[in-house]
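Below is one structure; the comments refer to it alone.
We just call them A, B, C and D in the order they show up, numbering each chain from 1.
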Amino acid sequence: MMQQKLHVTLLTGRTIEQGVGKEYGKSSPEYYEACSMVYMDADDMQKLGVKNGTNVLVTTPNGSVVLKAVKYPRSAIPGLIYIPYGPWANSIVSNATTSIGMPSFKGTPAEVEAAPDQPVLSMKELLKKEFGR
Amino acid sequence: MSVINAVTCPICGCLCDDIEVTVVNNEVVKVKNGCAVCEAKYMGYKSEHRIRQPLIRKDGKLVPVSMNEAVHKAAEILANANYPILYGWSSTNCEAQRVGVELAEEVGGVLDNTAVVCHGPSLMGTQEVGIPTSTLGQIRHRADVIIYWGCDPWSAHPRHLERYTIFTEGRFEDSEWKSYLNKVKAAAGKKKLLSAQRAGLSKKAPATVAESVVFNKPPETLQKEGRKLIVIDVRKSMTAEMADYFIQVEPNKDYELMQALRALVKDEELDVDQVAGVPVEYLKEVVETLVNCKFGVIFFGMGLTQSAGKFRNIEVAISLTRDLNMRTKFLIMPMRGHFNVAGANIVFAWQSGYAFGVDFSLGYPRYNPGETTSMDVLLRGESDAALVIASDPGATFPKRAVQSLVKNPLIVIDPHMNATAMLGDVVFPSAFVGIEVEGTAYRMDNVPLPLKKVVEPPEGILSDEELLKKILEEVKSIKAQKTKQKAEGA
Amino acid sequence: MTELLIKNGFVFDPLNGINGEKMDIAIRDGKIVASVNDSRAKKIDATGLTVMPGAVDIHTHIAGGEVNTGRMIRPEDHVKDVVRKTALTRSGTGYSIPSTFVTGYRYSKMGYTTVMNPSMAPLGAKHTHEELNDIPLLDKATFPLIGDWWFVLEYLQKGDLEGCARHVAWMMETTKGYAIKIVNPGGLESWGFGRNVHSIDDVVPNFGITPREIICGLAKVNTMLNLPHSIHLHTNNLGIPGNYVTTLETMKALESVPTDGKPICHITHLQFSSFAGDNWGNMKSAAEEISKYINNHSHMTFDMGQVIFTDTTTMTADGPFEYTLYQLSGHKWVNSDVETETSGGIIPMRYKRKSAVNATQWSIGLELALLIEDPWKMFMTTDHPNAGPFFAYPKIIAWLTSKKARMATLAKCHKKAQKKSLLPSIKRELSLYELAIVTRAGQARALGLKGKGHLGVGADADVAIYNINPETLDIAVKYKTARKAFDSAAYTIKDGVVVVKDGEVVQNVDGRTMWLDIKTAEQIKVDEEMKRKFKQYWTVEYENYPVFDHYLKVPEAITVKASV
Amino acid sequence: MIVLTPLKNFQFPVHAECISPDVFQGKSVKEIASLTVWEGNKKKKLGDLFKIEETSAETPSIIINSDASEVRRVGQGMKNGEIVINGNAGMHLGEKMAGGKITVNGNANGWTGSSMKNGLIEIHGDASDYLASPYRGSTEGMRGGKIVVDGNVGSDSGCYLRGGVIIVKGNAGPFMGFHISKGAIYVEKNAGNRLGASMTGGKIVVSGSVDELMPTFTIDGVKGKVKIDDTLKAEGPFYVFLGDLAENGNGKLFVSQPANPQLSAIYDKYL
């Protein structure tokens, strides 16, 4: 059954593409490709009517960001989404540190909805939007 | 043309020091032995995204200025600040870090490194219970059970498996590379073998088909002689593909799982049938494997440090390891990320007593994560200036922390025009440590290694250490002048 | 040319037989000289003060991986002892594991000028040297741990002493080390798989060699290499009730090693190796048995490892021993094994007067120091920070020089320990002359440091001046006054520069790091062999292993001509 | 009585361990005004940051009026007297307190009552994380005295408790009562996960629901009432759990039976 919104658990973390991209430079196309995406469970994508490569809007209490949805290749991860580390992920991760200085980069609630018509921002555009510089 | 061997790769905590670099006309043209990220770095260092000269934000735009102007501006910001942050330090050498501690002390600032967003919780865990660990060679020579928990070395530390753990030849344990290939062959035929061979070169992923989440019973191979690989993660990572046994733990339930394992190691009975989605009967079999091994090791990553529980996850992982020593030899090690974040912790600690989140505002070092880390100070909006070096909080900190960083004068030192540099007010270009600058770095197991200079930096580009010394001198002279003016005023 | 004249002090310089004579000490360009130009030289009026050579510490863990891990895991130790930045000095923290700068300041303030870091994993040698560079005001040296190094085990097992010696020389130069350090020989390799050795004749698994063979083999190697210091040994079974038997066996075993009269072994922190009894309930002192043997033999030297009643941090390469301490205390436990070389461990520890075991340990250290008749054999240490932090030395001085002081402390100890203690029966009180031996002259001689520990012409101008007038102050009675004086030197002079005045740092200088450049035959052959075998043993490259010259801020190479 | 009123909103942390009845005792307003405090990295006098007035009333000894959430270490180590804060309090309030009383008419920040030995702290708003818990690396938790919080408390509160009582009238965050060995914690409403993890002794009582119980506790029975201290009894019925098994612990965890129907399917079979 198609759903408009999906409640998921947000994980952020490393991918080798993100690792390679950052070494080319944060303004490089490699970095943009690697970090402005979100891994999703195949069935979850079906529920949202989202295909591989369709843009989705991910929202948390801390903000929203548009990302390219990519099917997680190795196993089912129902109810999880995985965004590589980077400014895109960080525009929505939780600030909650439980007083140890470490924000909650993994395991916080989020919502995903299809957003085929909204663009994925470049890093420059993203920084301008979030920080006005 | 010159070929330089035994170069230490300045990227991740593996600090592979067997890289062979070919240089022609002061330019790296070839890299041997490295992983994909390593190659990208040696190609990327000369990219068009480098900063070429000092910049200062004027009328909202970063414009080129002289070195002296930039140094003076930066020093003035720091010398006048009431509560500045000096953050980063993990991708530079220990020589620069040493100057950094002195600068932070001089300006009464909060000195912090990237551990705050990676393995700070691990350091805090060790402060609660200690840590039984070793250097990586000890694992290479002896380990027959290797656990990766909440980490994916294939993606984040690509050569970890081949250099230090499952696929390396040790004095007392052999590499599992051949039997892994056989396994893959038996499972999927020739096509998969080829991709696995490519995986061995750490370049391309073995292509595999998605499976559904089914909890498998631990295979009998877990009881076999020789090295065994167990991966525990919330998703089936690249590394998990290679494991003898993969446990897919429910998100944010690692703590419960480890505490349950501890109870089982102590032969306690549990009232529950499953923990974190894993049947307890399977956990008992896993515990059998752990207590019967000759030498076991747990490597852990940000799957533990960044999910619910954070440093308590590390504390319990260490406690589990400690408990296992009642039955056999078992050790544990964090998979440190930046190539010299361990060095930053070490240098900060020998000079101040504390490894990260050191607050010098009272004239002596203080430490209390929750109070004194850069993240705490930024989220509470307490700081009034910042210097960021050898890291990119603009891309790695949550939005609100970056907003707080940008609100006040921001000094950035980096070779690349990264997110933080784009947001900065005073921006210094620096030379690449480990490519254009030599020095010392510490591997994830705290082994010091020399970094080599293989090419000259571009004309006029200074090292982090040189830049920091200039700023420190200027700060001292501004402060001396102020004291003099005050004395004259009185 | 800078000249300094220390006038009219009471000089205690045992290596030159000077016992409290009122005399002047002349200094030119960092060395002691016969005389200086009286009108040109800067003068220190030492009238009514005690003048001694700068103190020497033969065994103190102040730098390197183990020490720093200790710092990292103990914020609760630092928070109670903070040191503010001044115009001259850097900030930092104590308590039991002070930060590097604070370590230098605090040693110097007590009149120390030379310290030995006795425990360095070769693989982490660069780290140790980086930290030593950040310890100001002191000359330093460091000992690589090689008693369980695979090359040593393999060569000794083959019976190839010469081969072993050449490799030890390679290691000493490669790590910029100063002496052979052996810790629980054979036990550390066994600990690689969680086991240990329990006597000097246990066979080390996988290597077919015994601790006896390692200890005697390396003692012979030490002689073949003509090293200035002897082997520096932490015995097997350290810290275990009944271990004095092992200690006696070790000393007897070493009688078989030929010597030309020079000591061939230094057993460190002897207190921890002198336990009688067979469990923690009946553990007692074996100081009588041990000191009796030592008084009848002269092939060895020792240091105390004196327990201080305080909160401290134990750290040693003896991984299995630290695990035992963990089992006893349940406290946070660090283990740090090092590939092909050694192991290590850390446990925080609080020594309590009201603990029978701790109080007995406290008593053992003093009993040994007082029962061993010859002060040239037994030196003052706490094995910092293992039995207590080094800045408690003035307390030990009081206990050694004043029966009144030690009886006052004993009276506050656990009753059982009081009853067992030999201290009430011991009258001896060390004189200032003997004190100068156990705190500097003896240590310098045992270390083979020619320019240290004395004030003869040509010596390094390292001098400590204390606010003690031996004519008017009886330190055995007024031990608190003496303690204060030793805690806070009137002057500390390093290489002819006044660095401390009235217990405050007044000048910053960098000390030197001394290391041995040992000349052996066939050095190139050894290099080639190491290069060939390297990858089989370590996870770093041969080219990246050595401590390069630039890692030593102020290096002082001491050239040694080996006989192999 | 001394009344302190902040002269501005503090952006930088203010370290003011001198704000303590023991320190103020016998000092004139002028002397108090010249006590040392730190604002950010600048050394200041108390009088630079606060308006200081003296009134004739005996108690409380000190009042801080308006927000003091950046003012740290107030009442640190205090032995006698009483402090009232009419506003939010800063970190380390009453840390290592050994006697006397502190009242907060607002919210309290992290490490309030950290490692306290005796005395009373009343918070009429919420308390943040690490209430009563010791400093990093230390296992010397609260030893005695009493803390009462009308609102909620954050995570990692009451860690390593070895005596005394903590009463929370609202909800508690995760890791409440981590590794306690003695003493009592009472949560009137709900408790977060990892409740009592690694506890070896002492008791924790929860009258509301618990997010999830650690799997390393074993059920011991059901009890009608539980005594918190001499003045307070909690009404059950409570499930009684023993743990933490991972520490071979002997702590007692009392969890409301009616508020936690989800536990019945797992544990009722053992009763």
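By definition in this document, a residue touches a chain if its C-beta (ideal position, glycine included) is under 8 Å from a C-beta of that chain, and two chains touch if they have at least 3 such contacts.
The shown structure was predicted, so the numbers you read here are calculated from the model rather than taken from an experiment.
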Comparing chain centres built from Cα atoms against the global Cα centre, which chain wins on proximity?
B
Note: of the two pairs C-D and B-C, more contacts are counted for B-C
Averaged-CA centre spacing for the pair chain C and chain A, given as whole angstrom:
57
Distance in whole angstrom between the CA centres of chain C and chain D is 46
Centroid spacing, where centroids are CA-atom means, of chain B and chain C in whole angstrom
36
Counting in whole Å, what is the centre-to-centre distance of chain A and chain B, each centre being its mean C-alpha position?
22
Touching two or more other chains - residues of chain A:
98-99
Find every residue in chain B that makes contact with two or more other chains and list them.
124, 127-128, 308, 360, 362-363, 367-371
Return the residues of chain D touching two or more other chains; collapse runs of consecutive numbers into ranges.
110, 129-130, 135-137, 156, 174
In contact, pair by pair, are chains A-B, A-D, B-C, B-D, C-D
Hey, which residues of chain C end up touching chain B in the complex?
63, 65, 68-69, 71-76, 78-79, 82-85, 90-93, 97-101, 123-124, 126-127, 130-131, 134, 192-194, 206, 323, 326, 331-340, 343, 346-347, 536-544, 548
Touching residues (chain side chain C, partner chain D) in the complex:
73-77, 79, 332
Touching chain C in the complex, chain B uses residues 5-6, 8, 17-18, 94, 98, 102, 105, 123, 126-138, 140-142, 163-164, 171-172, 294-295, 322, 325, 328-329, 331, 345-346, 349-355, 360, 362-368, 440, 442, 446-450
Within the complex, chain A is touched by chain B residues 11-12, 36-37, 40-41, 43-44, 47-50, 60, 116-117, 120-121, 124, 152, 154-156, 158, 205, 208, 210-213, 234-238, 240-241, 248, 251-252, 302-303, 305-308, 310-311, 357, 369-371, 373-376, 379, 392, 394-403, 406, 416-419, 422-423
Contacting residues of chain D [partner chain C, same complex]
134-138, 140
